[in-house]
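Each of the two complexes below includes chain A, the first together with chain B, the second together with chain C.
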Partner chain A sequence: MNSSWRVEILAIFRKEWRIEMRSLSGLVTAFLFSVVTVYAISFAALNTHIPPTVVSGMLWVALLFSAASSLTRTFLIEEELGTADLLRLVARPHAVFWGKALFNIFQCIVTSVLVTILFLGFTSTQVIIPWLFGVSLIAGCLSLAGAVTLCGAIASQASNRSMLAAAIAVPLLLPLVALGVSGMRVSLGEGSLSGGGSGAAIGLIGYAVATLATGPYIFAAVWKS
Partner chain B sequence: MKTALKASFGLLTGWATIWSFTVPDVAAFQAPGFARIFLWHFPCPMLFTLLILFGAWNSVRIFQRIELKPFCFMPESDPAAKASWDIKAIACMELAYLFALLTMATGILFSQIQWGWWWSWDPRQTSFLMVLLIYAAYFAVRFAYSDPGKRAAFGAAYALAAVLPTLFLVFVFPRLPPIANMSLHPTDSILSGKIKGEYAYCVILILILFTIMAVYLYNIRVRTGLAEFELENNDAKLDAGGDTAPTGVVRPVSLSE
Partner chain C sequence: MAKVLRVDRLGKKYGGRWIFRGLTFELGLGDRLVILGRNGSGKSTLLRTIAGLTQRNEGSVVLPEGDPRHTLGLSALEQSVYAQLTVEEHLEMTAELRGCPARIDELLEKIDLAYARGVLASQLSTGMKARLKIGMAIQANPMVLLLDEPGAGLDEDGRNLVSRITEEQAERGCLIVATNDPLERRLANLELQLAG
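== the complex of A and B ==
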């Protein structure tokens, strides 16, 4: 990577990091939202054995809504504080996208790992194929962060931006949830690797690569509109 | 000439409708007579897919490259050209959504008659509902921006972002081995030659008629959109003209002068 690109991307990432560390608002909101969802689901299934398909479905729903509600902030806050124009002047569009996407990936992975540990603990679920579970979770986080960053940028200049960002991100991520649930249920002991588990893992990695590869180009096209 | 063509199209559509009710029954279905809805159901997703791809192509054209440096992908500066591609894109998306709704409606009807439920959570039905939600979000993006330039740019960006998930949901997801095994919906009727004889000829005719109708509606929508754009531009020019009144308009004169 060209050094000027690296400098710009890292500068954006550091800016996001410092803003987040001042208030911890995004991390705390995402974590609280996910924990409350996980707790509510676990409480609803009190003393009941939940099948792996339902566990993976519930976990993905919690991750999806926590990402859609919190990760879109990175762009929305720029428009709300009036700092977006300054950012347009100091950094190239691809650097802005990558800096914010990297920060969102970091935030999504931290939240997902914590929520997953809690969820597995609450529902007493055992992971049978750890590598598949890890691949599903990490590739899912990469796709979630990439797609939600882009949707945040698309909605950032609208009047009802917060609601719109979540509303347009969720339909785009439904195929990802379908793949994530297919992979995770196999990792929790339902189904087999040859019967869709490995296919789902490949699909998730492909989805993440495609989202992060096309995202910067689409973002660059609209960033200066 | 145009009237003759329209009359021929009407007559052909009428004949195709009658023919679609008289093709022989397919014994494999629970209600063989009602299976004829396939003849009207099948062309709709075909046209939907073609239209969203054409819409995505028009959306790409909204973002013309004007700088050749790497990673510079800037919107074109000419608002008229941008508006023209935007009108073509929205015409495609509106028509595509119409065909998607027709696909869903005929599919639900088929599901009730053949499988016994209006909604059976069949993977095909479910994935197509996801596609409908994705394109509903596209219209939500467009409605959220009142400025035409931003509406065109952000709408186009979402249309491009939606292409990959849509293609996955339409072509890949229903054919994944565990999903395909759960589905009651056939996946390879055309390629495996299960649709043949009179059924095949009739479905091809209806597909051609639907395509002609889609092209006709697309042209009308584009022409209407361009006329609206011209009208708004003329209004804006008049507003920007200050005291200069257009010819033929009588202005009131103060009596004190």
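== the complex of A and C ==
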């Protein structure tokens, strides 16, 4: 990446950061989703042991909803508010995609760390395979951010963009959730590495690479159409 | 005279109705074209089509050679700014994205917004936002400057600012102004009437 690309991508990231820090809409929404989910599960399972499958499923539900809050903010709101034209006039599409994807990754990681601490603390769940847990979480965040950014980018030009974004997100996110839950379930002690844990980790990494590598090209194709 | 912008048989239609069709003109250095027409006649659409923000259905637009982020500037009434960014942050961001010098102090002086450099766009008046959009449009010293209803929301000082900007633009390249305001005819040496 040459300095020009870096400056442009950071300009978009900084814009997203400043807007988020002044409005706090995305982080507060993600935080509320996380806290409410953890509270609800902890309350429902008071004094009972929650199996790793349920914990990993619930953890991913919280992550998914938090990430979904970025879906509208990423590109759809630029079109709704009329600021997308300004970006089209001054920015290259790859820089726009990467700047927004980086911010979504940042937000997703912050949220997932928070959700994980709350979940593991409240449900007294132990992580049996820490590296797999870490890979599932980090690769999951990269994949979620990549997929959400891609969905927003594809749908941004449609007339009923919010509905289309949600419709595209379902088939894109379902396999991701399945992979994430599989990896995390094994890391929490249910199942084995050879029985799907390693495969899920590789799948998550592949998913992240695929969405983040193809995203800018797909976005560039629809950005000015 | 060196040609700066060439529009050839340009056509745009919405839902089967041609907004304009067969538009052909060339603008050279120093040309200032004003586009007139009633509401809905396609003035803004023509500017957006020339800027590449709206897809054309036929014809072509030839801009000056180079990166369009540097050679073209657009300030439009319907264009929005980021409510949560300050005036200075807007200019800083657009310069970084274009890869051109930010010239923040010089631009703020020119658009008379130096006193509001740290003010969020959400707290700016309509006229101040219009000045900011003009500032962003001229930041890279574009060869082609497109102004859509530049006087809307501006006070007398603001209108004088637009006059100064158009004079400077004529020395640098060419200018197209879309307007309904008869007073803004004085900004131009060429006129194009869209029938709609």
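Simple rule for what comes next: the second predicted complex is superposed on the first by the 211 of 225 C-alpha atoms of A that agree within 3 Å, B and C clash if a C-alpha of one lies under 4 Å from a C-alpha of the other, contacts with A are read in each partner's own complex, and residues count from 1 in each chain.
What we mean here is this: a contact is a pair of C-beta atoms (placed from the backbone, for glycine too) under 8 Å apart; a residue touches a chain by one contact, two chains touch by 3 or more.
Computed from a predicted model, the values in this text were never measured in an experiment.
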item	value
First, second, both or neither for A:S182, with chain B first and chain C second	first
Contacts of A:L150 with chain B and chain C, given as first, second, both or neither	first
Which superposed partner A:I19 touches (first chain B, second chain C, both, neither)	second
Touching partner for A:T83 - first (chain B), second (chain C), both, neither	second
Touched partner set for A:S124, first chain B, second chain C, both or neither	neither
Chain C versus chain B, contacts on chain A by residue	B
Common interface residues of chain A - those touching chain B in one complex and chain C in the other	92, 224-225
Residue ranges of chain B in contact with chain A within the complex	63, 71-75, 127, 130, 133-134, 136-137, 140-141, 144-145, 149-150, 153-154, 156-158, 160-162, 164-165, 168-169, 172-173, 176-179
Chain A residues touching chain C - in the complex, by the definition given at the top	4, 7-8, 10-12, 14-15, 18-19, 22-23, 81-83, 85-92, 95, 224-225
Interface residues, chain C side, partner chain A - complex	51-53, 55, 69, 72-74, 76, 78-85, 89, 92-94, 96-99, 120, 136
Chain A to chain B touching residues, read off their complex	92-94, 147, 150-151, 153-155, 157-160, 164, 167-168, 170-172, 174-176, 178, 182, 191, 195-196, 199, 203, 207, 210-211, 214-222, 224-225
